[in-house]
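These notes open a run of structures that come right after.
Two complexes come next, and they have one chain in common, chain A, joined by chain B in the first and chain C in the second.
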Partner chain A sequence: MSPQQNNGPMSEKDQAILKAYGVLNALHAVNTHQPEGVKKPVLINDILAYIQGRTTSGTERVEVALNNDLTVRRQYKQLLRVNQVEHIAKPRAAHSDDVFEKRIGEQGALLKLKQSKGNEEQYYLIIELPNAISVQSDKPLVLHANTESQTQRAVFPPVHDGRSQIILNKNDVLFSLLQDHDVEIDIQ
Partner chain B sequence: METLNQALSSLVRFGVSDQLIQDLQVIEETSDMDGKLLYDHVAIYEMRCAILCRNYAKTLWEYSHYIAVIEHESDYGVIDFFWGQNVVTHARFKHWLEDAMQGSECLKKDNSVIKAVIGNREFILNPKRINLMAAWTAFAVMVEPNLLTQLASFKRSLNEKEIDTFAKQLKSKFDAYLEPHLQALHQQRQGRVLLSWLQAQAGHQNHKTLLQDEAVLQFWQQNAETEEGDFKRFTTVADCTYRLHKAVELGNDQRDVESARSYHQDQSGEDAAWLLDEVSQVEADGWLFEHLMADEPTQAVTSLGQSPLDQIKFLTNKDAEFCSKLELAGAAITTLPLTYIRAQVFGLQQARMTEDLRATKGSNLAKLIAFDDFSGFNVWHETLTEQVGKIAQTRLAVVYILLQHEHPTAFARLIEKLTAEQKNALQQAAANQPNTMIGNQLLVQLKSIAPLAIKPLEKAYSKVNRTGFKTIPESDQVNEYLKGDEHLNTLERLLTLYSEKLAQLVESSGNLDGIEKNDTHTFSQVFKRLYGEIGVEA
Partner chain C sequence: MAIHVFIPTLQGVSHVQSIVQEDVDVPSVVCLDGTAQSLPISNAYYDFVKKGQGVIAKDFGHEAWRVDLSEPVEMGNSWQLGIYLAHYFHSKGELGTGEPKPGDTVIWATGSVKVNRDVEPVEGVERKLAHSSVLFEQLQQQQIKTLGVMCEANHTLVELPSYLQAVILSSCGELSPLLSELNIAELNVSSSLIEKTILQPANVNMQYSSKQKTNTQKKPVQKIQPKPKAERPKRSSYGLLALVVVAGLAISAYGLLALNSSDKHQDLDKTAIDDTQHFPPPAQGMFVDDAKKLVVKSDTSDSAKVMAKAVLASNTSFLDTKIKSVNQNCDQAEGRQFKPNDLNHFKPQALSQLCELSIHFGDEAVSSVYLYLLDANSFLPLVKAKLVKTQTNWAIPLPKNRSKTRKALVLGFDNTVTSDELKKLNRFLAMNIENEWMNAQDVQTLLAGSGYKRADVFGLTLEQF
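This part shows the complex of A and B:
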């Protein structure tokens, strides 16, 4: 089947083949019909973009689907393992009202939460990578925090001297999620 | 239809569901970090054609090789390879292959071609196909959400058998996924169920004689409640029988040609072998099922609704709807005249029931099942007769227009209607003319010899009075009236044929009332079974 160029005329041979299959109408509909009230799919590349900290036209759909579509969540979890910089397992600690200070990843990366001296409502969320973990110098880090029911991500600037940080507000969803005793953290 | 289920409506109108249209459009619109479209039009077009034609077995086999190699050779696997960075172009893939080849046991370069050597198989990796492979992956993950897990086995090792098995399994997944989204396969399945049933009923009778009105009704009675094929609506069964009828007719033509080549086929006694089981039918009955899937030939109603003929209102919308139904049924109406009228009359009643279930949760169902408010066969037959008259009237109006332009077709149509005496008089007048009588001279003579023949044309013209019939058009539009008249002629013949067929039926069975009475009972029984419990899904 020879390819058709953008909006160009369909070759006679193509037309004949498609006609024989009875799909000329269907092809025309795929090219021109605008379906209404149909859910747009979440594509695998949208999920990957979300994991990599990028924002695309599909990001909103990914965020919704992560909370209500098991398939998308499963794919997200699988892709988190690809290109993973660090994984910080669940704390497995009893719930407490204290704000955590430090978490240690499987390969020795540190995740720290430090209150701002100038503003009590703000915290520095700091990632410290040991020398053993090498990351491209210009690559931003993306932190993914997951519980059974919630997902949040935060994009960090590229690592400098083994360290990168962002500011979190105490009211941020990510802040409270990080306090959850069931939270699992992945750094990309 | 649209009020019942929008998604189903697209499936019926275009043969592809709204969801699949949406999925394919979203893939096409995918862009990279810089906003550039990820997949080129060539890849998108090829993938769409393959999916819509369900002609992807070979492509999936090819695809399986590409992704097996990429999964095996790249550090982070297929998904990261395709979408971790920007658009996968053939140049990027070529570059990657050159690099990957350095430390690879399975990638080999041979005369500037890079091959994957997998066991005893050598598979050429064509960089130009890579963008298409990325597009296929986007769709394949929708079809098989566990694709990522399955790819893991290629990470460990490459094996030709595993690749083949993967391709086969993927194809099965595609078949299953697409079944509710594409119409043709569903129609084929319906056709197979109907065929098997007919065969079981009639043993090895000639297949053409199996398609009878009573058999169709019986089939519906027995299958309306079964899950297989979705034959709940009588109109679905009727449509299925029309398609089957057409397929058999077309197939017979083809078989005539085939038997001219191979006499053995006719002698083998396997004439009924086309009524086959599921396993063998694909090979043996390819022709039949191809016809079941084939596009309708150009229809008169469709042609009248397309530019430039749509500028002239040859048919009202209501007339067009009436005629297109009959036209879609085609030649089957002569074999299955009762099925058609049943579909129109009882099918309409059933549509009212399903609509009532949807809109009022069945509050009027009892009335509808009891046929309290019901237009029977006779009313429909009157509509048919009226329709024949309306088309004839429009055709006369066309002749009137043509006559104003002194078009030969108009004269021919007029002369055709003259009595023998009038024809003689006209001949006489022509003989007295020094030159051949044409145009205005002929018109003057006709007006004088047969004034009453022209009057109905004028009357019809003023009666039609729709767009295109309000003022006499310019001469450059005459051809469009001629083309329109040809299509009207086709419709008139079809409607007349069916009307005559019904008249024969009335003659042989006394009247339509008797048939309708029996049918009312039969349909009422099935409707009770289907919708008796209020809230039954329509």
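This part shows the complex of A and C:
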């Protein structure tokens, strides 16, 4: 069906429709247009979601901001201390080229790294929580590893029999970061 | 011949690719296709393995494993039977990677396994069969023997495809219905198995499997019934009672040892012994038979020849046996001697075919010999056998109940061992063998490091099938 041609003056109704269309277009443009050089800010909720291990539309922005925005980084550090399960300070021992085997947290939690016998390129990263540390049985743990210049996180399955583990590939960024002698680790 | 284990799910079918023993402090895990992705059943598998809670650590002697599956298995317990069987065949060195070739056998298994090893029925078997239909067609085209393993309750509810041979398994503690089927496969492959089965115990199964073979030819869907429970031997009874008299020992030690051994025997009778604890397998040690062949073969590498010669020259000790063939009595048994491999393990012997068993310590001056029973963590003093005049053999008593595999260490000492020392040794061995996966050579080295420099240690496996 072809559109009907009408050369006469527009009716009031048509004019209203046209006006509404123009307003909607303008609104859409305002909502969607992102001026060049202006970035959507990282909100505190985005940082909180990142700390809790959730992946949202803001996760990527948080990861970028953590490396180049001091304010975001400060907020992140403050939020990390809230509901913290364990903090593992920088290792005091002299730096070694060997893969670390074990780190002990302030409250006695253990972080172990064991090479898989089945695949030499893979390592088990194991969190062992002492009885003194209680966490919800169905709550995933989130490990945050931080140096001055880098931040990585990993989500662990809920603790089972006092332990939780993930498998890292040797070429994972987190694996390299964990070898850094300046790394601080927080478990949420 | 490799045995491949397939585990059906409600979405498809997954196969076991590998089983690897990890360090003891690694929680057992199930991974997807060799990747770093652990599957949601990992926690349940951990419980299935864990000592005291599960059966894998108890039956296969180690508490940390990694299993790789080809496809995700996300929930439920029906994977337990397949995983248990995979562990079993892994322990026998026969587990395949899930890519069967002609001559191999595929086990399609579904069922949950209780702590007492009973196999329980599971739901959705019809749907699982439907999802596996393409797999069955492929296996049929390749003429690969395929066994459908479930408990009786599940078998009665479903009609298996004609190609699939049904095996009813009521308990993982009683695998003979499945092993019988696998022996049929071996008989089909090679008629020279008779010689093989003498070395790799199976005479009871051979009789059984011969009958089954005929039946199977007539009727492919042959359900192999396990023996009724009443007919099965009781797991808890342990019949290793014999030859308590300790002859040839110094009189002062004699009293102590006789008292000790007598008490031990009473304990063994009364105590329910878990017979499923496994001693570390002999691994890939080289046996004298293999070594002889390697030395003669022209295409053997120099390094292999050197090793083979070393095996032939290294040990003068041997296991002295009298073995009967199928349908023979012990009167007709023939004497055979077996030297240990380079890990100090003797070739596993078939309980059903053994008539007499003793050990000769070769050039070593041995004055006391003990059998350390892996399933009871206790010592049994051995006495000198009277049958041999020209050499000193130490008689190893055969268990009355021959339906279970027994694993033991034979320890020969150049001097008398006091009862206090035996207690210490017992603790030492129980701790080390439980926590470590070690062979007899390792135990001997450990003992040497603990002051027993003149102790000879050998691994002995008496197999039930």
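Here are some notes:
We adopt the following convention: the second predicted complex is superposed on the first by the 151 of 188 C-alpha atoms of A that agree within 3 Å, B and C clash if a C-alpha of one lies under 4 Å from a C-alpha of the other, contacts with A are read in each partner's own complex, and residues count from 1 in each chain.
In this section, a residue touches a chain if its C-beta (ideal position, glycine included) is under 8 Å from a C-beta of that chain, and two chains touch if they have at least 3 such contacts.
If you're wondering where the values come from, they're calculated on a predicted model, not measured in any experiment.
In the superposition on chain A, A:Val155 makes contact with neither chain B nor chain C. Once the two complexes are laid over each other on the shared chain, residue contacts for A:Ile167 go to chain C alone; chain B is not touched. Taking chain A as the reference, the larger set of touched residues comes from B, when chain B and chain C are compared.
By the document's definition of touching, of the two partners only chain B reaches A:Thr71; chain C does not.
With both structures placed on the common chain, the touch criterion links A:Ala29 to chain B but leaves chain C unconnected.
Legend: residue contacts after superposition of the two complexes on their common chain; A:Ile126 is shown touching chain C, with no touch to chain B. Legend: residue contacts after superposition of the two complexes on their common chain; A:Leu48 is shown touching chain B, with no touch to chain C.
In the superposition on chain A, contact is made by A:Lys114 with chain C only, not with chain B. Across the two superposed structures, the residue set of chain A contacted by chain B and also by chain C is empty.
For chain C in complex with chain A, the touching residues are 18, 20-23, 25-27, 29, 31, 34, 36-38, 42-43, 46-47, 50, 66, 68.
The touching residues of chain B, when paired with chain A in their complex, are 6-7, 10, 13-16, 18-27, 29-31, 33, 38, 41-43, 45-46, 48-50, 52-55, 76-77, 79-80, 82-84, 137-138, 141-142, 145, 148-149, 182-184, 290, 293-295. Taken together, the chain A residues at the contact with chain C in this complex read 112, 114, 116-119, 122, 124, 126, 157, 160-161, 163, 165-169.
By the touch rule above, chain A contacts chain B in their complex via residues 1, 3-6, 14, 17-30, 33, 35-41, 43-45, 48-49, 52, 54, 56-58, 71, 74-75, 78-79, 82-83.
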